[in-house]
Every structure is written in C-alpha cells, then in structure tokens.
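In what follows, structures are represented as structure tokens.
Each of the next two complexes has chain A plus one other chain: chain B in the first, chain C in the second.
And then the complex of A and B:
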C-alpha cells in the first residue's frame, strides 16, 4: 500500500505539469484532482484510467486482479485499433471470490499469470491492482516479481486500485508502471536519426493511421506510440528515440518528462487535431529532430508537405462553408481539444459559443483566448442540468462532446457529435479534420432534428 | 447429426441431405462429365463475360426496353387479395369460383407467410365447366362447402378461368340458392376478381366493395337496401398487409388509448394467428357480420392503404360518409397524420400516452441517426407500403434511390414524387411504376445502393448484386414471424427502425470480421 501512496504523491509532485507548478506545497499534496463529492455523479476510477491508458498495447495479456466487477464491465470497451495482435481485446481477470478475500488472492494471481503465459505466450503480462486485493493486502509487486523470475517473462504490476483517485490519476499511474518496469528494458534492433515517440495517442478509431502516413512521407519513424497500436517490445525499447511528441493530454506528461530526465529525449506538446495544429506538430517535431542531429533538409521537406496537405484540406472544407456558416457550436470536451478543433470550425464559418475547460490547463485557456478572443465563453464545470439548460435555450446548433453527454444533448433536442473516446470516426490529421466537418454537416442536417424540435403537430397553437 | 457432408458419401447406412449430397466428389465429378459430354456448354469465359455484361448500363437499357415479358414480378393476382379481405370477417369461408390450382397457390402463399392454415375452397372447375359454364360447379361447390365447413358466410371471388368464359356470379349464386345449396338467407357476397386485371390489391378492393355492397344494398336484391342513420363510429379498412397480425393489435391498442367508437372492417389478425392450445380454429375472430351492416351508419371511414381501396372508398363516400385515405403509416409524420385524422373525426384529443410514445420514437431515431444518415436504399413493395417505407426513410435521413412497385400506376408514381419532393433526401430518387425485379436487378448493378428493402423474393437480388436485404412486406417466406410485429404507429416505427439498424450493424460486422485481416474494426460497441 505504501508504494501506491508514494506513487500517487510522486505523480502529484510532477514538475512537468504547469498546473502542479502553480500550486502551493500544501495544495500539491492534496492532489491534482478535485476530491470526489459523495453522492454526486462521478467519472471513472484510477483503475479505469490505468487500464484504458495501457489497454491499447496490443500484444500483451492485460490481467485484472480483482473481483469480476472491474474487468467484467470493462473489457474490450475502447475503440483503440490494432493492426496486428488482438490479444488486448480479450478480457483476463482473476475473478476473485469470497474465499480469496478471506485467504488472500496472491496464489490465485500467480496461477492466473502462469495460465495466461501457457495459453497465450504473450511477450509480457500487465497485472492491474484493484480495490479489493489492495484492501486485503495482496502484494502484486511481489507476485509479479516472483512470476517474472519463475517464467522468465516480464510481468508488469500496475498499481491502480480504484480508491487511489480519479481516472486521470490512473493514467499517470499507468505511466509510472511503464517507466518503472518496461521502458528501457530492451534495445531496438537499429536506430535512425528520425526515431520519435508519440505519447498520449491511443489510436482511437484508427487515428494514428491518419497521421502515420505523414510521418512516413517525411521519413520519420515512430519508435513507439504510447500506447495506441503499440507492441510491448516497441515500448520497452523506446528510450532510444531522438524526440517525443506529447499529444492531446497532460495525462502522460510524467512519461515524457521522466524520459527527458533519464534518457535526454526532448519533448514538446502538440496536437493532431485541427489543421494548423497538425502542421505545428509536424513543424516542431522536425525542428526538434534537426536539433537532435537529423539532417537539416527535413525542415524544408516538412514545410513542403504542410503546404500541400493544408491546401488539400482547406479545398475540401470549402464545400461545407455554405452549409455550416453561422452555425453555433458548443464544445464539451477536455484538454487540447477544447481549442485545437476551434480554428477548423471557424474556418468553415462556424461560431463557437462555448468550450469546456474542466480538463484544460492555464496554457490551454490561453490558447482558447487566442483563437476565440477574450470574450470566449469558457465553461469550468458543467452539470448535466446546466448543460441541458444551455442547450435547451438554443444557444447552440450542435454540441460536440463525449458519449456521456450525448443523451443530455438529445433530450435537449440538440444535434450531437461524439468527439471522445467511444467515437467511430477518426478525426486526426488533415483528413480527420475534413472528416469531422463532414460529420458535423451530417449531424446538423439530419432530418430528425427538425422532428425533435417541433412539438407533436397536435400540440401546436 | 454428426455428418460431415463434405467428406462422407451417400450410402444406405448414411444418407445425406440436400445441403451436402451434391457436394460429394462423385457428384461433382459426374456433373462435370455430364456438362462436358452432353451439354455442349459455352466456355466458362463466355458465361462469365455475359454475366458481367448483364451488370452494364447497356444491358440495363435493353432490359428497360422490354415490352412484353415480365421477369420476376413483385405482385400477385386479384383472388389472393379477395381472400385476404374475406377471411377478415367472422366465420367466413373464401370461395373462389374457378380452377382449384389457383386456390392451392393462395392457400400455400398465406400459410408460408403467416405459418397458419389458410382455409379457402374453389369450385374446382374442369374442362367440362370451361365449355358448358361453371354453374353446376357453383351449385355443388356452395352446397359442399356449406355442409363441410359450416361457415357463417361464404365470400365468392373468381379466377381468370371463370372470368374468361363470362360466368355471372350474381345469377349463379341466386341459382344455387334456389337449388338449395345454401339457405335462402345465408350470406354469399361476391366480387369478380379476374387476375388479368390489376393485382392482389385490386382484388382486395373488389372483395371489400363486394361485401359492403352486398350488405348495404339489399343482399343481392333479396332484401331492401339499408338506410343510413349516421352515428359517431369510425370505420377503418386496413388493406392488404403482410404485417396485419401485429398491425391490427397495435391499431386496436392505439384506438383504445384514443377512446371512442371504432370498427375495423375485415380483421384477419386472429385467423392468421391462432394459439396452439389443442383447438383447431378454421375461423377465428374477424368483423361480426352484423357489424358489416352497421358500418354503413358510421360517421367516417379511414383507409389505411388508399391504393388498396380505390373503388371501396368512393363507394363509401357515396353513401354519405366522410372518407380519409392514408398510405401505410410508418414513422413519426405518417403516424402523426393518422392520429390527427382520428382525433379530428372522433373529436377526442390525442392522449399523453401516445405523445410519449412519439417522443420515444423520435429519441430512438436521434440516438441512431448517424448510422442511417445518407445511406442509400432501394425499395420495392406494394404501392402503399412503398410509400410508407419511403416516407420513413426520408425521416431517418436515408436516401431512397430506387422505389419500385410492379403494381404501382401513374397515380402512385405521382404520389411518391410528391413525397420525395418534400425532402432534400429524396432529391436523387427515381420512381418505377410497373417495373419488375429484373429491372430492379439492373438498377442495383448500374446505380448501386447500400441496402435493399423488399420481400423474400429479393433474396435473389441480394445474392446476385451483393446488396444487403432488409426483408419487409409480403410475402416473407424465408424468415419467420415478422408478421407478428407491428410496423404502424410509433411502436411499429421502432420495429422498422431496429430492423434497418440491425442490418446496418450486421453489415458493419460482416465487413470487419475476418480474423487478422479486417477485425481491427470488429467492435462490441457500435
């Protein structure tokens, strides 16, 4: 248990996080996330956060040590895609029972690890700690250690009992597990001056594949993507990369910063969402690589690619200008997405009536002000009731948000488009932004919205 | 069954069924030899070439230039519709004057669709009857069926054979009555239903009008015509409907919620859905005979399918009733219209319960809108059903591309076009009255769609063109029990929505289910 609380404290102290730095010592100790309010609706737990952060690693067994609740409700629940192994989509759990709670679940866990190796021969096993075994004192670190020794295979403990805190914290704990047990344990078969890591990209709906061709064209090799479409070996040997791009979230900033600290790999934060943001990301990555010793021609090659791709994308977006101009959008999402899609939407003439900043940093907020003006309506915290009222008052024509807010939007008679993790369309890169606008267009012009907004004809007048 | 049809061969100890038998090596070899030695076949390349050619625009033009031959029609004949209307009345035996073969078809048609026995008799005309007229067959036929099956009413329609030789039902039935085949006051309404005119929906119309005329206008001059004394009741005529079992019960539920006095004229939902409780019911449920007479006094009549009642409705109107013609209401707007008409005629408000159902359907459509939006559909069905489906598709943001009805006419085409013109989603849609399924085949090849909506016969189109089929309409032979689910009303709309969505998701899964090839998109959450 002490190791969990130590880890949590370490994560809270994360110096790479601007939010953390702005806090007093005392505040930092309390943690980054708001204390949960008992009785109020809440999101996922630390286990959930750790699991979704690592689950996209495709070729390992993700073994959840706990009663059936944790894995039973969550296996294969995320649309992160794999081009190869599908092992990550199978649900593995120790499914502990009453007797295990009484006598301890360590032996069962050990046997489960053995059976998983016997049957599936994975390059590694990730073992997730959950509330119940953590409470009864199962020492998964020790079990993993023993299993690793016995079976000669990496067995990675992920200390993520749900009670440790929020989902966001869980993301970070997952990062710690990678840092402690995976990264740097193997060597790549060869390296190039163009090797990069992507951190915080989960290949949801195959978004990595929208970006990867751009990298390929520039000759940039993705040594590891943490964790979308990743293989264990890639992550184990990713400490030989020349640069890291941290996308889309502060959640894994601990990995990026500590890799800089340990292996001298510089990182920057970028986004694949939005046209100019995609270009910035490519530009910064190329710059960073050149600074790290890659040939200077990479810069001009990158500019050329950017110019061509941007032109193509704007061309495609033009079609939508007429149909979307003047439509008002409410963005309920988190982090960089709160500003990164804004410019593309503005380009087709849409008006952003508000954007949520609950999960955004001060930096994100600055960006929002830059793209949306000082008047930008930033929504700090929005209860479903408030969201409903805002939508109901028809201050927006469409809401872009995660699946959880979907039904609020629908009940408020509001077209809605999923831009979070359960979505089915990929919106990254240049193509992705065109796809997003196309989807907005479809959502806005679906005839059901007219139906939804009109009362039953007999109630009129 | 442990048989592995692929490897074991046929012998007395081990008899293979048709799924496996002809896949055995000795049969494959035999077919090959037969083809080679006796069939003088065209070379495989040429066969393939012709097959490909049938998919081209050039072939389509030739196909649409067809004048004489109909290939794979999507319609049936008049007596089928006449029987459909007739069995909706209490204790009524449909009696088709003509050859018995036709009637065997009608019975099997209904039985295969509804999975119920379908009682219906013919006068079994033979060559003699064709030469000398079918009067004796009518006399004997009515006597036998009255004695054997003890109906409360016999509704007589005709096959082509009787029509060609010009048998006069009115006088024949009168003759039979005089000869004592049936009691003098036994009800024998009738309708001429030649198959070479119109289709089953025409037969429905003729039989329905025939029965009403018989009861209202003096039972073929045996009594005085009825005098109309208007009351507040509202009649509903449902038309020829493959989903009748589910739809009738839903309709009754809706009307009960509305409150007021209603009469469904011809309700065959019970006779085609009898319980397995040890009792054989040759007749079950249906509109009471006394109610047929009473129906004259009703305030108004709503036809749920106008193209099934082009003669019946004006006839009723001529009696002084207000009439309303609908087109198989599927979905929100169509159900709205139906309820508003009922509300207007009955003077009763639409209850909150129905308004809630409406909201739920709208909610369900909204939940799933992204998946249906912009999908292209081809539809063929009976005229009213096609209109109902097309209207619902437009509501969902789907794009109908081809709407075809073999038994649709110019008036139907006009109606469909009006409907399409009301929605941007109807912009690219073509309407094909009088065309058949071979025309549809060309359409699906030259202007492909995402999904096809049609009856069982569309499975050949699905196979040939690879267009996924959503089964809807009549007949559905190869899937069971669809007819038990309503498609009318808001609840019915939900059923149709789910049927469409299931196919969309099935296709999505089918396109992503190859292990290690396409299953990166084989998701549990859609």
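And then the complex of A and C:
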C-alpha cells in the first residue's frame, strides 16, 4: 500500500502541470482533485481512469484483480477501436470471492495470470489493483514479479485501487505504471528523424485514423500512441521518439514530462479538435521535429498540407453555414473540448449560449474568454434540472454533452449530440470537424422534433 | 454483475427513491453507466465516495454527509443504501451508524432509509435484488388489522422487464384485483416522458402503497428469488403467499390464470382465452423450426428457468446452461447440469449448438460460433427497447417463440445463400476469419 500512496504523492507533485505550479507547497500535497462529496459525487474512480488510459492497448491481456463488479459492470463500455488484435476487448478478472477476502487473493491472481498466458499467449499482461485486494493487502507487485520470472514475459502491475481518488488520478497512475515497467524496456527495429509519440489519444470511434493519414502525408511516423490502437511493443520502445505531442489536456502529462526528463524527448500540448487547432498541432510538431534534427523542408511541406486541408474543410463547411447560422448550442463537456469545439462551432456561425468549465483548467478558461469574449457564459456547475429548464424553455437549440446527460435534452424533446467517450462518430482532425458539423445539422433538421412535440389528442387547445 | 447493483435496481422500482452505493465512487459510476446503456434512461444512483482514509477509519461520516446532501438536493421520499465489496471487507456496522446519525440529525427523522448488506464478492445480481425487497418489506410494510379483499401484492423478480410487469398488472387487474407491485420498474424505467425533471426515480411503488401491503388479501411471489420477501411479509403481517416461478409457456401461464380465477372467483376474461388460442396456434406453426434445435443459455437462475423450460416444451434441447449463482430452480431444469460460471465456460460448452441466448456480452461469442443470438437479461446495450421486451403471459410467450423461430429461419436462409453463390463464399469466409480473433470471459 505504501507504494500506492507514494505514487499518488508523486503525481500530485507533478511540476509539468501549470495548475500545480501556481500552488503553494502545502496545497500541492493535498492533491489536485477536489475532495469528493458523498451523496453529490459523479464520475469514475481511479481504477476506471487507469483502465480508460490503458485498455486501448490492443494486444495485451487486461486482468482486473478484484470482485466481479469492477470488470463485470464496466466491461466493453468504451469505444476504443483496434485495427488488429481484439484481445483488449475481452474482460479478464480474478472475480475474488468471500474466501479470498479472508485468505488473500494472491494465489488466485497468480493462477489467473498463468491461465491467461496459457490460453491467449499475449505479449504482456497488465494487472489492475482494485479496492478490496488493496485493503486486505494483496501484494500485486510481488505477484507480478514472480509471474514475470516464471513465465518469462512482462507482467505489469497497475496500482489503481478505486478509493485512491478520481478518474483523472487513475489516468496518471496508469502513466506511472507505463513509466516504471514498460517504456524503455525494448528497442525499436529502426528509427527515423520523423518518429513521434502521441500521448492521451485513445482512438475513440477511430479518431486516430482521422489524424494518422495527415501524419503519413508528411512522412511523420507514429512510433507509439499512448494508448489508442497501440501494441505492447510500440509502447515499450517509444523512448526513441524525437518529439511528443500531448493531447487531451493534462491527464497523462506525467508521462510526457518524465520522458522529456529521462530520454530528452521534448513535448508540447496540442489538440486535434477544431480546424485551427489541428493546424497548430501539425505546425508545432513539425517545428519541434526540425529543431530535433529533421530536414527543414518538413516545415514548408506542413504549411502546404495545412493550406490544402483547411481549404478542403472550409469548402465542405460552407454548405452548413447558412443552415446553422444563429443556432444556439449548450455545450456540456470538460477540459480542452470546452474551447476547441467552441471555436470550431463559431466558425460556422453558431452561437454558444453556455459552456461548462467544471473540468477545465484556468488556462482553458482563458482560452474560452479569448474565443467567446469577456462575457462568455461559463457554467461552473449546472444541475440536470437547470439544463432541462433551459432546453424546455428553448433558450438553446441543441445540447452537446456526454452520454450520461443525454436524457436531459431528449426528455425535453430537444436535439442532442454525444461528444464524449461513448460516441460512435469520430470528430478529430479536419475531416472530423466537418463530420461534427454534419452531425449537428442532421440532428437539428430531423423532422422528428416537430412530430414528437405534437400535442396528444386529448389535450386542450 | 454483482449484488450491489441488483439491490440498487430494485430500489429504482420505488417512487421518489435515491439509491446509494456505500463504496468508492467507481462502484456507482460503473453501475450507472451499465443501466443507462440498458434502459436508455436517466438513472438515479449516488455514492458515499469512500476513499483510502475513510475506508480505514470507517464510513459513518460519509454516510451522514451523503444522506444530508441527498436530502437537501434531491428531496427523496426514501433512500436505499447498498454496501459494496470495499465496505464489507472492512466490515462496517451500518445499522449502528444509521441509529447514531438519526440521533445526531433530527432533520433526517422523517426520511425512511433502508439498508441492505450486498458484498460484491458473494452471490449475484438477483441475490442483491431479492435481499433488498425482503429488507424493504421488513422495514416499511405495516401490519394491518383489516383485510382488503381485492388487494393483491405482486413481488416482482429481477428477470421481469418493465414490459413484463405491465402485462402482469393488466392480467391481474382483469380479474377485478387492485395489485400492488413491488418493486415496480414499469412505473419508473419504462421510458416515458415526464412532465418535469427530478433527480430521484419518477414512478414506481409509492411509500404509502408499500405500507398498505400488510392489508392485502394475498401475496404472489413472481420468481423463486422473491420467496424470501414473500415469506417475510407473511411472517410480519400474516398475508398468505403463493409462488409463481414461471410465467413463460402454455402450461405455466395456464397455471397462473387458474390461480387468479380461483382467487377471484371470476372466469378468465375473453381476451385471454383468445390469446391462449393464438399461442397454441403459434406453437403448432413454429414447431417445425424449433424441434430438436440445440440451444445454449447464459442467464441468472430465474430467467434461465423460465426460458429453459419454455424452449424445452417447444422441442429444443438444452445443451449448455450457465448461470451466476446457485438456485433450487436448477433441479428440474431439463439439462444435464447448470454450470455456475462465465461466458467463456458457456462458449466452450456451446460448441455444436444452433442457438445462443444471453445478454449483449454474448455478441462476440455468437459471432465466433456463427450461430443465431437472442438477447435476454441484462445488459442489453446494443439493441433498442430492452425495457419493453415482453416474454411473459400468452402474448409474451407467443412473441418469444416467433422471434426465436424467425432467427432460426434467417440463419437457414443465410446458409442456403452461402451454398448458392460461389463468389459470395470467399467473401463470407474472409469475414469469418476476421471474427475469429478475440475474446471474453465472465458472465456478469
């Protein structure tokens, strides 16, 4: 257990995080997550976060050490896509029972590792620690060590008991596991001056595939994506990359910063959402690679690509400009998306009547002010009931949010679009932004809204 | 799927209820997402948000804080608390906590709180459900001095969908009874459009209805898992109970109607006589397709019992049956043995079967086995209308057998096409090769 709390302290001290730098020594120690409120909390636990961050690694066995609930209830609920192995979609758990709680679950874990290796022969096994075995003191690090020795392949312990904290913390703990046990353990078969890592991209709904062709056209090779559509070997050897792009805000900043520290790989934060953000990301990445020794022509090549792709995207968006101008959007999401999507929607003339900033950093908020003006309607916290009223009274035309709050809009008989992790459409890159706008158009102009609002035959007037 | 979320779902069948899982916040988040995907509805479910320190020191303050927060924000009529693996491993005295909290917080005096012990590492979903209903009966039903002759208690098992409950209610009402359903998901999770938005459940069994259950003429336990709750009600209030464990298939539904006719002294209404005749005809029409078909079923005990018997009565052969927890209903099930296990076990035993019935997680297995797949149970997240799936009564039994027979017919057509078009064949083989990689264990 001590190792868990040490790890937690280590990620709380993360100096790469801008939010952290603004805090005093004492504040930092308390950690970056707000104290969870019993009876008023929402969102996942540290285990959930760790699983989200690592599950997209496609060819390994993800074995959850805990009671059936942890894996069973969350099985197959994330939309990461794979171009190859489907092993990652299989749910493995030790399903510990009452007797294991009394006698300890270490032997059961060891047997489960053996069974998984015998049956599926994966290149590695990730073992996730959960609340119950952490509480009874199962030492998964020791079991993993023993299993690694016995079976001759990597068995990676991920210290992520749910009670350690929130989902965001879990992301970081997953990063620590990769840093401690995976990254730098193998060598790539060859390297090029154009090798990069992407950190924080999970290939949800296949978003990586919208971005990858752009990289391909520039000759940039993705050595490893952490962790969307990744293979174990790619991550193990990703310490030979020349540059790193960190997307999805701060969730795995610890990996990016420590890789800079250990292997001298510089990183920058970027986003694949929105047209200008995508261009900035490509531009910065090319610049970084050239500074790292890639030929200078990459810069002009990149500019050419950006001009061509932007033009193409704008051409396609023109169709929608007339139809969507003046439509009001309520945007309930967190982090980067709160501003990167805002600017994209404004570009087609939509009006943002509110954006939530619950999960956003100060920096994110500044960005919002920049794109939406000083009087930007930022929502710190909004109850579902208030959202419902806002839609019911038609102060917004459409809501964009995560799947959990969809019913707020649907029950008010208003259009809604999923922009969080369970979504089925990919919205990254130039192509993705066009897809997002097309989806909004499809939702808004569906005649079903007139139909469902018809009064029942027995209502007056 | 484990006990706590079974308990939580049972609580969601009460009106104005806020279920709470006493554990870390992930316990709630996972259960919530699971139910949202199945019902496609807003799911009220809260957490005591336990962390490392509170787990060791005890969660009384978390429970107190949760109750205060919920009472203030959601204004529920009743709160249901289920423990989890985390808090059960520590071993907390929640009953004691609640007593102390009530002493300290007079503002909570009027809020009924029902607590159930549901460790994740013991039993399964339907056990959590059954325990919860028994506990609700113990704590909320009031013994009565008079009997209400036309009032009947219906205790509903977790294998019944909101659509099933609606059907059962209509049948019982047609005999002149006023049924009280506990729990009543057909009121709360049937996918209706409410007038306003509430953070708690909307619809479901009302508190005053639960209290009045003590004055009913009789209790009908729908499903073996409800026997305990029915007994508890009989012991407490003297309301006699009867068990109706099966509601699928001609002979089982006949038995149910006979019971209702005897209880009420009324004849079976015309509409159901007509439906029975339709069911018999459907059985005759479909037996060509169902006779001798080998099936594999993965389901919780009571659902397995219902579906298994009905398929066997239609001539199917139960080759493989996997369930989540021990139950006496397995003893007369027409199958060699029921294995307590997961979908990996089912897949191994289902080799050679022609039809698979289980929840949505069976989809990858069905693709690998290349056999028709009928979704039953929970979760069903990749098809719409899970809440309205109707399997009980004459009508539901008829629906089910048409659906299953149609699946088999479609499979046969596909096979014929496969033989007919040589150029298609290579294509189909490619698709099959792609599906062969992969996955899965653990029946929820």
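The criterion applied here is as follows: the second predicted complex is superposed on the first by the 448 of 461 C-alpha atoms of A that agree within 3 Å, B and C clash if a C-alpha of one lies under 4 Å from a C-alpha of the other, contacts with A are read in each partner's own complex, and residues count from 1 in each chain.
The criterion applied here is as follows: a residue touches a chain if its C-beta (ideal position, glycine included) is under 8 Å from a C-beta of that chain, and two chains touch if they have at least 3 such contacts.
Predicted model only: the values in this text are computed from it and were never measured.
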_Quick check on the superposed pair: does A:92 touch chain B, chain C, both, or neither? Answer first, second, both or neither._
second
*Considering only the touch criterion stated at the top, classify A:206 as touching first (chain B), second (chain C), both, or neither.*
first
*A:442 contacts which: chain B (first), chain C (second), both, neither?*
first
*Could you say whether A:39 touches chain B, chain C, both of them, or neither, answering first, second, both or neither?*
second
*What is the contact status of A:459 with respect to chain B (first) and chain C (second): first, second, both, or neither?*
first
*First (chain B), second (chain C), both or neither: which does A:451 touch?*
first
_In the overlaid three-chain picture, which partner chain does A:132 touch, first (chain B) or second (chain C), both, or neither?_
second
_Superposition-derived comparison: chain B or chain C, residues of chain A touched_ = C
*Should A:81 be classified as contacting the first partner (chain B), the second (chain C), both, or neither?*
first
_Going by the contact definition given at the top, which residues of chain A touch chain B in one complex and chain C in the other?_
76-77, 86, 411
*asked:* Looking at the complex, which residues from chain A come into contact with chain B?
replied: 76-77, 79, 81-84, 86, 206, 410-411, 417, 422, 424, 439, 442-443, 445-449, 451-452, 456-459
*Which residues, counting only chain B, touch chain A once they are in their complex?*
332-333, 336, 339-340, 343, 349-350, 355, 358, 362-363, 365-367, 369-370, 373-374, 394-397, 423-425, 515-516, 519-521, 523-526
_Show me the residue ranges of chain A that touch chain C in the complex, using the header's touch definition._
5, 36-48, 66-77, 85-87, 89-93, 95-98, 100-101, 131-132, 135-136, 161-166, 383-385, 388-389, 403-404, 407-408, 411-413
*Write out the stretch or stretches of chain C touching chain A in their complex.*
1-2, 4-5, 20, 23-34, 36-37, 40-42, 46-52, 55, 62-63, 65-70, 73, 84-86, 89-90, 119-122, 193-194, 197-199, 342, 361, 364, 381, 437-442, 444
